[in-house]
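Structure first, then comments.
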Amino acid sequence: MALMAEIAAQAVQMLLVLAIAPLMLGITRKVKARLLRRIGPPIWQPYLDLWKLMHKEAVLAHNASWLYRTAPYLVFAATWVAAALVPTYATNLMFSWSADLIAIVALLGTGRFALALAGMDVGTAFGGIGSSREMLIASLAEPAMLLVVFTVALIAGTTQLSVIAETFIGGVGVRVSLGLALLAFVFIAVAENARIPIDNPATHLELTMVHEAMVLEYSGRHLAMIEAAAALKLMLYFSLLACLFFPFGMATKDQSEIALAIGLGSYLAKLVVLAALLPIGETAVAKMRVFRYPIFLGSAFAAAALAVFLLFVSRGGL
Amino acid sequence: MRALSFDIAHLLAGLMLVLSFLLLYQDRITAMLNVFAMQAVALSASVAWQAVIQDAPHLLVTAAIALVVKGIVIPTALHRIVRKLGIHREIEEVIGAGLTMLVGLGLVALSILLMLPVGEKVSILVREDLAFALAVILLGLLMMITRRNAVTQIVGFMSLENGLVLAASGAKGMPLVVEFSVAFSVLIAFIVFGVFVFRIRERFDSVDVSALDRFRGERGEQP
Amino acid sequence: MSAALFAILWIPAVAVAVLAFVESYRLGAALNVLAAGLTFVAGLSMLFAPQYRTDILIVDDFNVYLVTLTTFVAFTSSIFSASYIGHELEIGRLTPKSLRFYHALYQAMIGAMNVALVANNVGLLWVGLEVATLTTVMMVGIYRTPAAVEAAWKYFILGSVGIALAFFGTILVYLVSQEVVGEGLQAMAWDVMLQNSAKFDPKLLSLAFVFLLVGYGTKVGLAPFHAWLPDAHAEGPTPISAVLSGLLLNVALYALLRFKMMLAANPDTIDVGQVLIVLGLVSLIFAAFMLYRRRDIKRMFAYSSIEHMGIMAFAFGMGGPLANFAGLLHMTMHSLTKSAIFFAVGHIAQVKGTQRIADIKGLSVTHPVLAVGLGLGVVAIAGLPPFGVFMSEFMLVSSSFARQPLLAVVLVFGLLVAFGALILRMQDVLFGEPSGPIGGVKASYVPLFVHLAIVLVAGLWLPEPVVQWFRSVAAQLG
Amino acid sequence: MPVVVGLWCVAGFIAIAAVAIAIGRFSRASALIYGASLLVSLAALAFGLQHLIGAGFPDMVDYPLGVPGIGAHFRLDALSAFFLVVINLGGAAASLYAIGYGRHEIAPLRVLPFFPAYLGGMNLVLLADDAFSFLVAWEFMSLTSWALVLANHRAPENVRAGYIYLVMAGFGTLSLLLAFGLLAGPDGSYAFESIRASHPVPFVAALTLLLTLLGAGSKAGLVPLHVWLPLAHPAAPSHVSALMSGVMTKVAVYGFIRIAFDLLGEPVWWWSLIVLAIGAITAVIGILYALMQRDIKRLLAYSTVENIGIVFIGLGLALAFRANKMELPAALALTAALFHVLNHSLYKSLLFFGAGAVLTATGKRSLEDLGGLIHRMPNTAIVVLIGCAAISALPPLNGFVSEWMIFQAILVGPQLPQWGLRFMVPTVGALLALSAALTAACFVKAYGVMFLGRPRTPAAEAATDADRFSLSAMFILAAFCFCAGVLPGLVIDILAPVAQSLLGARMPVQVHLPFSLAWASILPIAESRSSYNGFIILAFLVISGTFTAMFIHRFATRATRRSAIWDCGYPDPSVATQYSSSSFVMPIRRVFGATVFDVRRSLDMPRPGETRPGSFHLKVWDPVWRYFYGPVARLVLRSATVLNQLQFLTIRRYLTLVFATLILLLMVVAAWR
């Protein structure tokens, strides 16, 4: 019986992230539009888009292979699973131990791998540009991400997200290194989610496209899957940010209804705040040239490395 | 008697050394050949004297060989070769006679230096004798490498060999000395013969190297 | 005096007399093989004959094995030469008359080397070595080409100077011992000297050794006394190259070692070991670099012989049971391998009609068997397992690195440089687009592959008697 | 007893080689020979596995061979048993593959005898238990593989590759020889037991470790000794390339482990600094060069360099922990390294097989000439895709597991007392992450350009799928990659005896019954509560993916229409407009270019109005050639040229040399005391 309950809790989380991911997208778009003095689409617009796309027939190039058709589902599944494994409103969900932070990052990598291949499948120049740049960004972001993981793992003594969250809720005091790690993490999240200044989700200008270029040929349900995956990814990074740096409010030991409710509420609140902050940041800066990515992500790397080394100092070694 | 015998042996050995220096000094082939003949005579004399004082009659044979072969036969043969092959009468020196002399002196000094500290186990006579012999040998080698002319170099080798015989005869009761001297005479005969047959004229330096490349295929870079 | 000893000295002598009068070259070759074979049998039986000494001759465990090796290689080389000479006669590089001369000299050389090996009297040792040298001189010049004459002449002059210096050394040794053991033959007997060498005058003994070193070292082919060696190997008939590399160098080294023992027993003499180490390393490095610019395949392997003589000199210079063992093993393995290589090279040069490496390509396509033979030979001589040379180099390098790291590093450097050159040339010859004639071979592969087989087996397993022999000699060498 | 079985397997290989010499020229021979090798390697594999599972207690035997007085010793323990498994798995796969692939061989006699001999040599290395037998087997391995590299000797570049390979091998053997010389000491106790018994002083031990790094590293391909791999591996026939790249490098790793962890006794902490640094540099440099390659087999060879770097990172960590008596993390790091060894042997062999299949189908090795093969070679495409995903360390495949474990070990790093290591370990971790990400990029490129897009040449257009033997070999390896990724716990438990015997500690038991939901999830060490469960991740992926697909097909639409490429409205029929290998990596080249590459570009752009075509040439070199090997080679040749003067002196000059030496020696005598 308890087993069923736990499975239910896990299932709830899976559906939850899936359900509110497009909403986050909608909120960011809306806020952004307002900042640009536009009315902007309603915040549930993403749901409508997805629904529409799902019902359109998928148009495939003549030489599209089976890989092209399966990739969207793989990307979606990988991202969804990753998102579902991040503790959102409660820790110690039943499957949370089956993958730690590194595994979650790697799962996103699986999705990226599939998408990059799909981008090259029909053999267009745009697809190639997209895949190539996507892999470049990833290869620059990954080391920084690892160092962020390293920082939190050094404090929590593990890479297991639930445990990290619990440790931080237990209170580790304000640390410079955590601040730096946060900075680095934000940079990485921006890059990974193809947001300004790295990429612009709202453009089809070939010189600047990265993510959009990869998925240029997609249509119909496949495109829907990819869009959903992108939303889930954004969502995942929001949850990670919340869980790693602002875990307060999460339901940890006592899994009582109250605690769960508090956890859920605080979680949603955090998400909304983040979803509102992102476009503000985006409107503040301008899109970068491709060959300035290294500098952007390099600074993320530097911040993360600094975080690690400061940690030694602040602790005088472990 | 002991002292006298010693002095005479010493004298003859010294004479050979002086003659070696004369050989180094010569710059005309004919004269040099004569000096060499003199050295051969001196050698045979000293060997004969050793035969007397060691009362080792077989040494007389050696002395005879030295006298006949090196004192008479070979010099005359070389005179003929020089005429036949039309070898220049002058001797091409690699380094000047004066410098050669200095080096020679150095070699003599070295050989004395080597022999002086030899312990009491070895009789004084042998020691002195060896010092001279060694000096003669080294001077012979020096002559071989400071002269370009084939005949001169043969002569150098032979005076080297004189030194050997001198040393051998000085070695008390050394077996087979005669045989060795015979063997050496044969060896030298070979050399003379070789010069004659292979028409090795001016240069005892090997035949001009560049001429040999096409046989050896050795010059130049690898492809 | 055992029958075997008698045989190894007199069979060649008789053979010389006979062969000098045999007109037909086929008969001559056959007789040559026969005589060499009998000598080998005799040499083999000497392994079982008791030890023996007089003031003139000696058979101890230092030379008995070398006699066997020498007679064996002489035998196989005579088989090879039989098939080689025939071809030379066809293409008219040699005349039947010169072949008579050649066969007689061949036996004379074997006899002389045997004399040198079993001589107890250092004078006789000298005689044997010099006769062997002179006979090879004549055989090197046998082609009468300007290059051959040049090589023979060079060999002859340098050799004669060596002879003279070695003789002076011998006189000195006699003088030293005569003052201690008294006049007469026993003063020239090596074993007597060895027993008394502790009482000898160290200064004079060292002086004697220096002359012997330069004199015999010229025949060992240690740099800088090596000059005659490459040309003699390259311009002479290949069987002679094989015998030169395989035997004469060994015998000369053997002579040196006899005297080294004498000095090793006398504490106050100069440190022979260091001298040998220096000469060995110089030869090794020098030869290793010289290998790169070689165009003539036989001359290249001649330089490789210099290199290996350097290695042996280094080993004996290091001394100690392991290094000496390695040195002795290396002597054996090198003579077998190098002669095998020359067998292969001889046939290759015949089928391709040239000794220029640049003109021999893709041999593995045109003449696979020869290619395999040469390849295995080079692999073995380059010190790669599972061949015997590797075992000796293994012991030498590992033991000397534990004792004298810097020297061992120099040694390894030289080995590596030589390795690079040998492999480079071997690949040039064996691989790539084939060039030159495809024609068949009238070759006797037996000697080649017998040698390689022995080297291979020895690289994996040494029979116990051999080990014992090496051990006892290594102990004597100090 | 087991060790004797192993020796029998070696003997079997040698026997097959002998037979191959005899019957090699017949047409049917190749199938026969490869079949026999398959059987023998399967036998060796089985018994190695059985010995490993049976806790792998050491078992020794010696024969009166080899160095007199020492004898030839052979020993089978957990470590060698594990490597037996790795090697014979690769060997069996290669043999199976070659049953089909070998038919295309032009000169079978240049391959057939050496292939089994090569396998035998590698097996013998693992069994050898004294310095001499070890080196003999080691060099025998090099020789046979050298012969295989020269199988197609008419291409000059292959001859060059073989030369460089053999010289590097000789260098490696000599350094190992020196290392053993130090270990064995002046009196030459070469047997490994006596070496284990002796404890060298730290300085000597450190020197030995460095020499071992040189020796084993030159065979394994550590930077800067890696230059021969990208030359030699492509030159050999593909099944041999698979062995050289996927298996022989593992033998080198074995050699390093054997000396550094077994013979050398207790390590000193700073050794690990060296190993870690070299490992990390090797990983990054290797994958960066792999990215730049156009020739698929060279790309794979460079990626081997990278993976070897990763393995050495693991080994370095193990050394560091061991030096500080932290057995459990040491066990974790070592197990991770060994796991990666296994993984790499699996997917690298698979990828080389794939490359071989493409090579035989199209005759092209350059990526720029391929494309669209996923349509013509569907089966090959699937297995190669699995291989690429596995090597790119993507969950739920096996490559990820080993890298995850190494990361876990890295996360324990800060508990090390030495500051040097504390700063080194995170840096290494970042570099490892970098190389992992670049690997993904590299294989997206490789797979994308080779199998996806449109065919770039008629040859690629006409390709047909591989034969069934080759395919089955590839599918088996792919299956192994999959299983090792999904059930890593099993592998870790099988590996446990190795760490136990070398470090006296092991990772916690992973697979324990009764079956629970936590079944088969990895728990690296108790204190870090991290865990990973490939099985559940896979289940999640499959369930959610299929569920979504079914949902959409059921409730939305499954209508599909084929049409021309849209390409933003400007479709271009020319296949040349596709992204090529070079263009794909251009950004990465621009980012890292100045620092690590030696790039030569030449652009020829006709002025407007000129009709001639423009051209752009790009060549990326390994700078180690320009800055190290080139100068060394030039130096050797120059000194050879200088010394060569001595060949042409005159007799008189030679006499002068003799005379000078004589005088010198005389002076020595005169000066002596």
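Residue numbering begins at 1 within each chain, and the chains themselves are lettered A, B, C and D in the order written.
The criterion applied here is as follows: contacts are C-beta pairs under 8 Å (C-beta built on N, C-alpha and C of every residue); 3 or more make two chains touch, one makes a residue touch a chain.
Only a predicted model underlies this, so the values are computations on that prediction, with no experimental measurement involved.
Novice: Please identify the chain with the largest separation between its CA centroid and the CA centroid of chain D.
Specialist: B
Novice: Give, as an integer number of Å, the spacing between the C-alpha centres of chain B and chain A.
Specialist: Roughly 99 Å, centre to centre.
Novice: Distance from the CA centroid of chain C to that of chain D, rounded to the nearest Å?
Specialist: Inter-chain centre distance comes to 44 Å.
Novice: How far is the middle of chain B from the middle of chain C, if each middle is the mean of its Cα atoms, in Å?
Specialist: Here chain B and chain C have centroids separated by 31 Å.
Novice: Please tell me the distance, in whole Å, between the geometric centres of chain A and chain C computed from their C-alpha atoms.
Specialist: Here chain A and chain C have centroids separated by 78 Å.
Novice: Mark out which residues of chain C touch at least two other chains, giving numbers and ranges.
Specialist: In chain C, residues 153-154, 157, 161, 165, 203, 207, 292-293 touch at least two other chains, as defined above.
Novice: Two-or-more-chain contact residues of chain B, please, as numbers and ranges.
Specialist: 114, 141, 144, 204, 206, 218, 221
Novice: Tell me, which pairs of chains are in touch?
Specialist: A-D, B-C, B-D, C-D
Novice: Chain B touches which residues of chain D in the complex?
Specialist: 641, 647-648, 650-653, 655-656, 659, 662-663, 666-667, 669-670
Novice: Which positions of chain C touch chain D when the two form their complex?
Specialist: 153-154, 157-158, 161, 165, 203, 206-207, 210-211, 213-214, 218, 224-225, 227-228, 230, 268, 270, 275, 286, 289-293, 320, 322, 362, 364, 379, 382, 384-386, 390-391, 394-395, 397-403, 408-409, 412, 415-417, 419-421, 423-424, 427, 430-433, 459-462, 467, 470
Novice: Would you mind writing out the residues of chain D in touch with chain C in their complex?
Specialist: 64-69, 131-132, 135-136, 139-140, 143, 150, 153-154, 156, 159, 162-163, 166-167, 170-171, 174, 177-178, 180-182, 184-188, 190, 636-637, 639-641, 643-644, 646-647, 649, 651, 654-655, 657-658, 661-662, 665-666, 668-669, 672-673
Novice: Which bits of chain B are touching chain D when the two form their complex?
Specialist: Within the complex, chain B contacts chain D at residues 94, 107, 110, 113-114, 138, 141-142, 144-145, 148, 153, 203-206, 209, 218-219, 221.
Novice: Using the touch definition up top, name the residues of chain B that touch chain C in the complex.
Specialist: 114, 117-119, 121-123, 126, 130, 133-134, 137, 141, 144, 157, 160-161, 163-164, 167-168, 171-176, 180, 183-184, 187, 190-191, 194, 198, 200, 204, 206-207, 211-212, 215-218, 221-223
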